[in-house]
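Have a look at these structures, which come just after this line.
One chain, chain A, links the two complexes that follow: it is found with chain B in the first and with chain C in the second.
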Partner chain A sequence: MSFPSWTLLSQSVLSGVFAGALYGLLGLGLGLSWGLLRTINLAHFAFAFLSAYICYQLAAVSHVDPLLTLAGIVPLMFALGAGLHWLTDRFRLTPFSSLLLTFGCMGIVESLMQTLWTADPRKLESHYAEMKFRLGPLYLPIPEVLTLLLAVAITVAVWAVLRFTDLGKALRASAEDAPVAAAFGINQRRNGFLLAGTCSAIAGIAGVCIALSSSISPSQMYAWVGVVFAAVMLGGLGSALGPLLAGIVIGVSEAVTMAVTSPSWAPLVSFTLLILILLLRPGRIR
Partner chain B sequence: MTTRTTFQRRTVLAAAAASAALPLAAWAQQPPIRIGSTLALTGPLSATAQVHKLVGEIYVEDLNKRGGLLGRKVEWILKDDQSKADLARTLYEQLITSDKVDLLMGPYATGGILSAMGVAQRYNKVLVHHTLGVPSLAKYDMQFPAWSLGSDPGVTTTNTVFEALAKGPKPPKTVAVVTSKFPSIHFMSMGARETLKKRGLQEVLFLEWEFGNRDFGPIASRVKDAKPDFVWVGAIGLDGNLLLDAMKKIDYAPPQHFYLYPAPGPLVTLPEASGALSVTIFEEHPPFTSRPKAAEFIKTYHERAAKANFPDTSVEVQAAASFTAWQILEGAVNATKSLDDKVLADWLKKNRVETIQGSLRFDGPSNYGDDLMRIKQVQNGKWVVVYPPEFAAPGAKMTAR
Partner chain C sequence: MSSRRVPAGLLVAGLLMGALPFLKLPAFYESFLYLALFWIVLATSWNILSGYAGYFSFGHGAFFGAGVYTSATLAAKFNWPFLWTLPVAALVAAAIGVGVGAVVFRVRGVRGEVFALLTLAVTFVLATIIGNTPIDGGPGVYLNAVPVPRLGPSPTSSLYLMMLAAAMLTLLVSWAIRHSRFGAGLFAIHDDEDAAEVMGVPTYRWKLAALAVSCALAGLAGGIHALFISYVTTAETFNLTVPLTVVLMSILGGTRHWAGPAIGTVAITCLLFAFTGGEYAVLGKGAIGLILVIGILFMPEGVMGFRAFARTPRGVMGSPPPRPSPSRGRVPADPPPPPGEGRGGGTSEVLLDVRGLSKSFRGLKALSNVSLQVRKGEILGLLGPNGSGKSTFINVVSGHYLPNGGEVWLDGRNIAGLPAHEIARAGIARTYQIPRPFAQMTVLDNVAIAAMYAGRGLPSLEAGRREAMQWLEFTHLAGKAHSLPGELNLHQRKFLELARALASRPKLVLLDEVLCGLTPTEIQFAVEQIRRIRDQGTTIVFVEHVMDAVMALTDRLVVFDQGVMLAEGAPREVMQSPAVMSAYLGMAHA
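Let's look at the complex of A and B:
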C-alpha cells in the first residue's frame, strides 16, 4: 500500500469536514430532542428528506432558488415537529416508546415521498452545484461550503441560546429536573413545543443542504441513521456544540480511512467509535 | 331448385356463423389461464418493479386480444411483495396453494427471484424470471432466465467491455476498478480485474465500498490521483451519479468510464456522464427495433409510461427483459399446447425462443444461453449501442475524451 499524496489526503480531509458538517447539522436537532425532551425522534431523518424533496420540487419544477425554499420549509418543518411533539406529550411517551412511534412516522413519510416522487433517485441541478472555490490544488464546492457555514452558524446560535438566555436555562433546567423547574414557574409545555419545532426546522435546513449536494431517494434516509446517532452519542445528548464536533471527527476519520485504505472500511469507523463510547462513557446516554 | 339453393345457402351461413362463434363460446365457457407473480409494487425496488408491472399489463392485454393461450383468456394474478424477499416466498406459496395459478412468472429483483425459485422448486413449477443478476445462484432446473447475460458474465461480459475498448478510439493501458460490494455487482468487477490482467492491462487502483455508501469524495480523489486511462465503476443504482458528482466537484473527468448497472434515466441526464459506457440487451434503435413485436411494444410502452408519469419512458434492459419473459412463457405454451410444467421445461431446454432480445436458448449451465450483452454509450444525452458494430445505432461509434 503506497502512502496517498498530500493533495489526496488534504482533499479527503476537506471532504470529511463537509460530510461531518452535515452529520452535525442532522445530529443537532436529534441530540437536543433526545437530551432535553427525552424523545428519540427518528422522524427527524424523514423530515430532513421531506424537506430535500420539497426543495427539489420547488427548485427543479417551479424554478425557485434552492436557498429561498428555506423560507417555506423552515416554518413547515417547525409545525410538523411541534405536531409530533403534541403526540408524544399527549400520550406521555417514554424515550423507547417515542423511538417506536417516530419509527412509524418515518415509514409513513417514506411512503408519502415514494407516492409523490417515486422511489427513483432525484438530483437537483442548481447553479450552486457548478460553483466552487479553489485553494491551490484543493477544491471547495459551494454547496458543501454553505452546509458547513450553516452548520457552524446554527450550532453556535443554539449553543448561545442554551448558554446565555432564560429560555435556554429553562430548557436545561426542565431536562435536569422537571418538577423543580415547574415549581419555579417554567412553562415546560410551551418550551417543549418551541424546542421540538426548532429541532425539526433544523432538520429542514439539513434537508435543503442534502438536496443541494447529493442525489436523493426516499430510502436513502436510513443510511444516515447510524452515523448521525454515532455523532449524537459521541457529542453528548442535549449538547449544542458536541454533534458538530463529533460529526467532523467521524467525517474526517471516514474520509481518511477511504483515502488510505479501502472505502469499505469507512462505515466501521463511525460504528467503532459508537461502540467505544457505549463501553467507555455509558453515562453520555441516559 | 331455387328453394333448395336458398336452403343450402342458409345452412352454410348458419354453419359458418356457428363455427365463428365457437371460439367465443369456448372463451366464455372455459376458465381463464391464471398466471401468478409478485412484484415489488411498494418499497425501495418499486420504481423498477413498476416497469415490469406495466410491461406485464401491456403483454397480457395484447395476448388476450390475440386470443389468449390455448384459446383461453389469460388472467394475471399480481401480488405486492413490498420489495421483501421473504414476503415474495410467502406470496408465491399462496399463489400455488391458495390461488391455484396455472403458471408462474418471476418477481423483481435478485433476492425475490431466488425466494420464488425455492418455492417453484418445491412444487415443480416452471419459473421464468426477468433480471437475476447472479446466474451461478440459479440452481433449479426448471427456472428460465429472460435476461440473456450468459452463464458466466464475469468472464464473457467483461471481455466484451475490454474488447470494445481495445477496438475503440483510445485503447486504455491503465485501469482503475472501483466497485460496490453489492453481490450482483461485485463478482462482475472481480471478473473485470481478471479480464484486464489477461489482456495485459495495468490495474492502477482497486477500491470497494459498501452498498449505500454516502461519501464518494475520497473515492473520486483517489481515482483522480491514480490517473487511469479507463475507470470501471461497479455501480448499481445511484452510485454512478454520486461518483460523477464527486468527480465534478474536484474538476476531474475520467478519460473513459464504464458503469455496470446504473439507474439509466438519472445517469443519462448528467452532463458529466457524456461518453459513459454501460451494458445493455436492448435499446430503442435498429437492429433491436426491427425485431418482430419490438416497434409495436416500444410505441405502446411510450404512451402508457408517459400516462403513468414514469420519469423515463424508454424501453431498455428492464422493460425488454420483462417483455422477453412473457414471450418465453407464451412461446413454450403455444409450442407444446400444454400447461404442464414438466412439458414446458423440457421444450424450453430443447428449443430456442425468438424474442425482442434475439434468439434465446436455455441449454447451457443453469439454463443460461448466450451472452447477448452489448456495449452502450451516452452520446448527445442518449444511450446508444456502440459495440459490437453490427448492433451499433446507425452511424454511432465509440468516442473517448
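Let's look at the complex of A and C:
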C-alpha cells in the first residue's frame, strides 16, 4: 500500500464530497419519510433510477436538454410518491410492512427498466459532461458541481420549511403524536401526501443527477441502498441537514479508502460506519 | 395431537419422491423439482428466524452465498470429496450468521427494520470481500471438474436427491422447532420481546440460536447449489433474488406455520413456471415483486395464516368461561404450593433486600437511594402518588431497567443488573399494569411460556401446557385456554397477567395495579385470589391505588413520594402519619 500524492488525495476528497452530496440528496427523502411518515421506502431508489432512465431517454434519444427533463420528472415522481403513500395510508401499513411492500415495488420497477432499457449499462453523453473547471491542479466536473449545489440548496430549503413554517411544525407534530396533532386541527392526510410526494420528487432530482454523472443499469440501484441508509441513520431520522452531512462524511471516507487501497473495497466503509453508529449511538435509531 | 404423524408423513413423502429418479423421468423434470426443493430449503430455513421470531432478514442471500463459496472453494481448489464440503458449508454459514448476530442483537435499539437493513448490507459486504480476495478474485469459480457423487442414475438425479434430503431435513427441523419449548420462546420474542425476557426467555441466545440454525440450512442449500450451477460468481450469488424470493414465498405461505414457506414456494414456483416458462428471468422478478405487493396488502397473514385463524377452536374445553362470582362460582383446586410454605402474615425472614437502589432518567431521579426489605410470606403494599417511582421500582427489580446504583438481594444473591430472564429464573415474577399478552399465541401458551422459562422452568412444551392449565383454572380462564388474548375482555386479560406471573411458581410476585379498571365484584374476587396465592407461600409486592383492597390485603405498607421512601410500617400507622397524609392522600383526594 503506497500513500498517494497530495494532489491525488485532495482530488479524491473532492470526489468524495461530490459522491456524498448524492448520498445526501437520496437520503434526504428517505430519512424524511422514515422519520415523519413512518414509511421505510425502498422504492425511493427505484424512483431515482426510473428518473435517471427517463432523463436518459429524453436527453439521449429525443435530444432534450437533461436539465429541462426535470420539468416532467419532478411532477411525475411527485405523483408516484403520493400514490405510494395512498397505498401505505389506505392499508395502514406498519413501518415494517412498508419496507416489504416497497421491496416488492423495487423488483417491479427493476424488471420494467430491464424490459425497456435492457440490463446493459447506459451512459448519457451530454454537453454538461464535457465541461470541466480547473481549480489549480484539481478537476471540477460540471455535473458533480451541479449535484452538490442542488443537494445543498434543496437540503437547506427543506430544513428551513421544517424549521420555520407552520407546515413544517405540523409535520413534526404529526410525527411526534399523530392523534394529538389531529386534535389540534392539523390536516394530516394533505400533509402526508405533500411530504411523500416531495420526498419522491427529490428522489427524481437525484436520479437526474445520477444520469448526468455516471452510467446506469437497473440492478445498480441496489448498490446504493446500504450506503444511503448508512447516511440516513448517521444523520438521524427525520432530520433535514443530517443526511447531507453524514453523506459527505461517508463519501469522503470511501474516496480516501479507494485512493489508499483499491476501489472495490469501498462498500466496506459505509457498512463499518453503520455498525459503529449502531454500537455507539443506538438511541438515535427509533 | 399428531405429534408423530407429521414427521412420519414427511419421511414417507421423502421416500416416494426419492424413488422418482429411478422411474427414468426426463432430466428436465428433475431440474424443475430440484429448483422447487431448493427454494423450499431457503424459504423454510429463513422462516426459522424471521417467521418464528419476527426478525426479518434481507441477508439470507449472504448466508446462502457463504455456503456456495465454501463448497465451491473446497471442492474445486482443494479437491475435497463434494459430500464432505456440505457440513463445512453449513458450519461456515452458521458461523458468519452468529458473528453478525452477536454484534447486531447486542444492540438494544436494533429492532426489525434495522435488522433487515443491516442484513441486506451484509450481503454486499460479503460479496465485496469474496470478490476482492483469492476466494474468488473476480473471474468466478468453476466446478466443472468436480465429480458429482453418484447417488442416483444420473448427475442431475444425484443433485435432485441431495436437495431432496436437504429439504426433508429442513422441514423436519422447522416442524420440530415449531412444536418445541424453543419454538414457543421464539414466538414469544416475535410478539413482545421485552415481555418474553421478563418471562424468562433468554432472548439474546435464542435469537442467535435461531439465526445459526437458519444460516446453517441456507449454507447447506448453497453448497449443493454450487455444484448444480457449476460456475459460481459473486454477481450471480449475492444479489437480491434470494432474499426477495424467500421473503415473498414465506409471506405468501404464512410465516407462523412450519409448512407455510414450503406451500408458498410451491405456489410461486408453479406460477413462475406458468408465466415465464420456467425461467427466472426479467419478468419473473417483476412478477415476484407484484405478488409481494399484493400479498402484503391483502394477505398479510399468508395462506396458512388464514387457515390457522379459521381453525381457532372456540370453547374447546367444554364449558364457557366461568364468570367469577365469589358467592357461587365453582372453586377450582389450588395448584400445589410452590417451595416455601409460609401461611400468611409474613415471617421475620427476609426474602428480598433492596439496598440504596437508584434509577434516574436523564437527570430525573425516579428512584433515589431506596432501601427496603420484603419478608418471606408477606404482602407488602407499595403506595404513592402517580410518578412516585412505584412502577420504576418494579421495572428495576424485575430487570426491565438497569439500576444506576444499589443492590437487590434475593435469597442471598445480588440480582441487581442481571438480565431480566435471569431474574425471572431466580424466582421473581411480575405483572404489567397494562396487560402485555403475546398477541398471537393462545392464552394457554401465554401462560406456558412463563411455566417453561421462569422460575425452575419446565423442560418441555407439554409439561409447560399442563402446568399452565392449572393456573388458568385457578384464575377461571380455563374456558379461554385456546382463544387468542385479543378475544379476552380487560378483566380476563388482567387475570391472564396474574396466571403468567404465577405459572413459574415464583418466590416473589410483583403485582403492578392488577385491580385498576376492574368492577367492585371483580375486585372482590381478585382480592380473594391474591390472598390464596399468599396462603400458598408466595411473597407479594402489591402496587395499588384501590385503598380498600390495600388495607384488606397488606401486612405492611411502604409509601413512595418522588422517588424516595416516605414511610414504612403497619398499614394503619403508615396511613395516619402526617407526612403520608399531606404528600399522598392530600393529592390523591384532590
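FYI, the second predicted complex is superposed on the first by the 282 of 286 C-alpha atoms of A that agree within 3 Å, B and C clash if a C-alpha of one lies under 4 Å from a C-alpha of the other, contacts with A are read in each partner's own complex, and residues count from 1 in each chain.
Assume contacts are C-beta pairs under 8 Å (C-beta built on N, C-alpha and C of every residue); 3 or more make two chains touch, one makes a residue touch a chain.
Being a predicted model, the structure only gives us computed values, none of them experimental.
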Chain A as common anchor, with chain B and chain C clashing or fitting: clash
Which of chain B and chain C A:S5 touches, first, second, both or neither: first
Partner chain(s) touched by A:F103 [first = chain B, second = chain C, both, neither]: second
First, second, both or neither for A:A223, with chain B first and chain C second: both
Partner chain(s) touched by A:Q114 [first = chain B, second = chain C, both, neither]: both
First, second, both or neither for A:P267, with chain B first and chain C second: both
Contacts of A:L194 with chain B and chain C, given as first, second, both or neither: neither
Chain B versus chain C as contact partner of A:V161, first or second or both or neither: neither
Segment of chain C intruding into chain B (one of 3-11, 21-29 or 525-533): 21-29
On chain A, the residue positions that both chain B and chain C contact, one per complex: 111, 114, 119, 219, 223, 262, 264, 267
Residue ranges of chain A touching chain B (in the complex, touch as defined): 4-5, 7-8, 11-12, 14-16, 18-19, 111, 114, 118-123, 129, 132, 139, 141, 144, 214-215, 217-220, 223-224, 227, 251, 254-256, 258-259, 262-264, 266-267
Interface residues, chain A side, partner chain C - complex: 40, 87, 91, 93, 95-97, 99-101, 103-112, 114-115, 119, 219, 222-223, 225-226, 229-230, 233, 262, 264-265, 267-268, 270-271, 274-275, 278-279, 282-286
Chain C to chain A touching residues, read off their complex: 56, 58, 103-104, 106-110, 112-114, 116-118, 120-122, 124-125, 128-129, 131-132, 239-240, 244, 247-248, 251, 282-293, 296-297, 300
Residue ranges of chain B in contact with chain A within the complex: 42-47, 50, 181, 207-210, 212-215, 217-219, 221-222, 224-225, 237-238, 241-242, 245, 248-251, 263, 265-266, 269-270, 311
